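Every chain is named by a letter (A, B, C, D and E) in the order it is written, and numbering of its residues begins at 1.
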């Protein structure tokens, strides 16, 4: 079985100017990330804001050129494909339903864009397919005539999903598709995504900072910290037995609606991760509860335990 | 301003360089007549030549002039005036490599030699009947020692002459301050100035200049729009005066066929019709006003050789004009371009008169330089212009310019060319007169180049100022005084 | 009632067009944490701003009764209100990134609260600021005082905001979604801090959130808002044990709980979206999304008691779910 | 920091070089320079003499490099019209233009900042509308026309200000006002929108929640932030003012570089035209650099990483 | 979170401003429409010819002043030409200059700005450099020089202004493109396989168009004012074409004793520019582009 996505030693750096008076900085947004996603499964990625989740998504979509490493989509090197071919393989769903639809075009045209760009579909065919996919994501045909501003956030996100699926791609990259939505609407979208995956046999890369959401959709979860995967495992295993102290802290800090439990003390300190200034040794060591001397000097190696589990910690 | 004994003069044409030989502006001529003296003085009333720095001169032959200089004259820095200074000045400006701004004013001079401490001889390349006029008007004398010491640039910044006013501060293109030269030689026809100080400021914009006068912040301006004379005169503290100048307005007609051999203007009757069609008297008296006259000959009436008797007269007679046109084969008139750089209202007046007899002239108002360029290229069938003769009181300063067969000659008449050459190379007044009269007769007979009216210079000044304008367009501030 | 903050029938509208808050009533007891929960746009922030008299230009508020520690807030002048704000009642906001003035140092922004309300020297105020920064868990407060906001991470800024709010020992702290913009780990830290402060200072907190997890963990009392109304009020335990309003129930069923997720089953969800409420709207605002709505919902809805301190706004009787299973 | 400034300087030099090239090419637009210099009454021989004398017979690139090379060390050649060195001329006239610019800018700031604040605080009231109208009218009135009107009213009818020239400070008032008018609309609007934005910002809400007095909120918290773009734009504005003062200098007979440029154009005095364009460009470049530095000093977000 | 409470079209921030905004907008449109109408049909309605001189009737004052003459509503100029006819003809020149300049400069500026903003990197460096260079060139001086050297004429003035005034288009197009480029819908279009021209023209341009429309009005006003200034200095539109700036220049000799000769064209110029600015302002309010300078 070929993996739908195969990523090897992926690395992405940015050069940023922070001000006239300060020197250029180098931000390592994604650092040596390796993983593969089997066809038909869902890899969830969680991590703090700024840890490089979106950058990873953009790398896989081919929106960014990696500094190093390779991305294979459906066994093919992404940059060997032309964009039409890429579009048939892999499609995105972005976080902000307000920014992801062109406010000056009708929903129908937005959804039809991937088809039109292929240049091989007749008008009638495009019309038919757009009608079909709109219905599938729960939007009436009348919605197709509207402008994005006339839709609610949830409806917009449905339209964005329709656009991603109209070409029937194999892989969909969802970058925090529900974090801009309210809980009640979030549930609607998550359910829709789950249905679609089952019916169309899709592969998802599902990015979120909400652990509960990831647990709901993903078959496998990776935890990202400062550009690296620090832990990866089957969803159940990860949630049952987190091995990296960061994963543990993440899990602990989730506040379940259970009255009377109080707020947990996760003891991470007030030092915030800064991708422009990655600490030596284990990058988590300044915040780690259990860090030992070794963690301050020596970066932990990637420990892979079959079948899927992976963790980067000296102490795990 | 009477209270501080300072005459505040505002002018539009900024003087980039006050050195008399290194600008070609009328403003420059005006300035050097205040600050410098020349060898000869031309009486502004009589146009007679009188001694100035030279006490006497002799013309032993047509190409030699011998000057005897005035003793005891001092330059502004106190140094004495000698023949060295004159020789230096003349040889400098006569040298074609010296890059003076108006070489044509001096290219007839060959050289000057010192013959004594206070005497010299000037040799000419060719006879020039108006030579002394040039000596009077455009040949101020440099102080040799000083100018050699400070160099040309230094001299332009702190110039020194032997005139009635000395220059105290010069800001090129911006302003010049003058002060009475107390050691000015006694007995000069220019006299000792009555006003102590004079400040000249250059304001490029005419309406700003006018505002300065109206607001009482300037005492003297000139060349204002004639339409403003009447309202300015209504102001209690101001006075506007006009003085006819040597400049004449003219209409040039392409009799020589330079714009096309078959053009209507090559026909004598058409040209005569045009002369008859224009009411020149009305233009002079109603539009130009201020004492403007219609010259009967193609030159300014006072100029030597300007023989009005010889000229054929054309009265205003539209009916005759129409008849002449019909006889010439244009009963329905014709279309023609009328280029002009004179005041637009004057141009359109001429246009109107021409229309009335059937000459459908299309008025094309151009910038002066642009028009001159086209005129020299022989492209203008009919144009309106003006000529000031450099204030030189001799027809040789006007006629040859338009009839010598050169770029500005639209008559192309070999007879006229011959007579002008005769008049120009002789120094015998009678012979010259005769030649010029013949030329004038032929020109008017043939109706080549129509003099329309004399110009009138306008001056506006404070009522406190006693100022007399002269016809040679040279305001003499050293003669002005407070009332 | 001797609640610290009492709000009865609060109405807020903007330019007469949008009715942002439509008769919300709740009260905050001394020393308790009261949570205001609800969907985005339901009027939580506007309510808090109305209490603080900080509404944006064009916002009009009116209330049957609104008092703070016995003082009638509706009759206070701007000046008197300003004297109260930051002094006896303080507020922190959702966006820690933009809520501090980028042009001034942390120290000067903190010190001016104290000098404004309590007078005293700047040095003393800075000392107090440093002390409080230590209390809210900021290491090296001395250094932080001289820094500018952009040099601090979001979590630190929110702590600075909290410390700043505490400068004058307020009695009431209003926190409008203080952790929404933060990561979960930081959120836990901030909430823990608030809980501790409440205990140490005897602070009353009005906490606004849309996260039921937060409510469950730190609130004493909860008011659930929907479309400008408080639709249900109860103690926290009571609310989670026996939610009465269909909206509250729907909300609870939407939340995925880690570790308890059944992946093959869809999440519970409330269909539809919050409706636009114009002037003259009557009846239950939730009826368009409610599975139990009938025509009586278009008329005035009674407020029903479901226990001691538990009431809700619905035509359905208490414990209706047991009576007629959905 | 130094590296960045160095980089900016390098770009500035590059821009200056480009402007130099453009200025050089510009003056060759008329075709044969020698014909223009020699004037309308010149003969072909005269033209040839001029061509030789001014070095116009050399290939274009040689002339260009000769000119650039000398311009680099501040030697812009000789003015045809003034018969003086161009550097001298500019050196003499620059102070007038700079004074005029500074007067204009100060007037503009003194008027526009309070107006902008007022309008922002009274947003959507008649005060705001009045200020907006004022800025709009100010933007619409042609400066030369305003100059004429001011001259008649202040100089002639009221007689309180000198009309033209540069003798005293009063001479700079009227031109300063006219010049200020070209900058007031932009600066007022910038202040206004900056203040409105600041007043609507979260940190002002925080300041109000802290119970600060209104004056402190407006003048300390809001103004400081609103002023940052205004102050930095002001430097750039000065650059525009220097370049845009030609009409004003002409009308008020201020013999500054703007007027010098215009005079030289009218007189075909190319070395001066080239030099004036270049000098104004360099001024502008320097001022933008200054604006950036000012900005960085004022805005702590730019000052430190 | 910031989702609106309901599905509604975006509305202006507050009611008050929109009312003022629309009033100004309406006035602006009325002014521009009036001037445009004058430019197009005005000279057919005004019986007099703007070029015909009548020396007998020079400097007749307009109708509200004493001594006015029946046939000349706004009086006559120093050559007895009908002032109303000239004014109306001048409208044509001003609008022509404004529109043509905006078209030329818009084409240059938008192309550069969009390319620089979208592609970034080297392309952007070049565009930025071009903008900086352009900004450091003193416009009035260079325009004067070009016109002075190449001879005055309407076409040349338009071309010169068009080639000089593209900077604001470029700056705004570049900045807004940079913003829009980062919107996810552009990424989405890219991922959808859309072609580059499609992305630039269909996805980016429409979304920056509102900002560009505002710039266009500003530039148009600026071009009209600049032409007037050039004509005032005598290096713009050549006489006898009645450009308003030229009318002021020609009339200023008479301004002391016949003030209307500069008042009328001056007011006309100011009103037209004001009208255009009002339209721009209205657009800015309507389209919510307030942040633009």
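Throughout what follows, a residue touches a chain if its C-beta (ideal position, glycine included) is under 8 Å from a C-beta of that chain, and two chains touch if they have at least 3 such contacts.
Note that the structure is a prediction, hence the values are computed from the model and not measured.
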item	value
B-D or B-E - the one linked by more C-beta pairs in contact	B-D
Farthest-lying chain, centroid of Cα atoms versus that of subunit B	C
Euclidean distance of C-alpha centroids - subunit D vs subunit E, Å	21
For subunit A paired with subunit D, centre-to-centre distance based on mean C-alpha positions, whole Å	51
Chain centre separation (subunit A, subunit C; CA means) in Å	31
Residues of subunit D whose C-beta touches two or more other chains	123, 148, 152, 156, 250, 301, 304
For subunit A, residues that touch 2 or more chains besides their own	152, 182
Residues of subunit C touching at least two other chains	40, 57, 210, 273
Complex interface listing, subunit D residues touching subunit E	11, 14-16, 18-19, 22, 26-27, 29-30, 123-124, 129, 132, 136-137, 139-145, 148-149, 152, 156, 186, 189-190, 193, 197, 239, 242-244, 246-247, 250, 258, 261-262, 265-266, 273, 276-277, 280-282, 284-285, 288
Residues of subunit D that touch subunit C when the two form their complex	123, 200-203, 205-214, 216, 220-221, 224-225, 228, 298-301, 304
Sites on subunit C touched by subunit D in the complex	52, 54, 56-57, 82-87, 90-91, 93, 95, 98-104, 112-113, 116-117, 148, 150-151, 161, 164
Residue ranges of subunit A in contact with subunit E within the complex	58, 61-63, 83-88, 90-92, 94-96, 99-105, 110, 113-114, 116-118, 149-153, 155, 160, 163, 167, 180-182
Subunit B contact footprint on subunit D (complex, rising order)	40-41, 53, 79, 81-84, 89, 92, 148, 151-152, 155-156, 159, 162-165, 250-253, 255, 259, 263
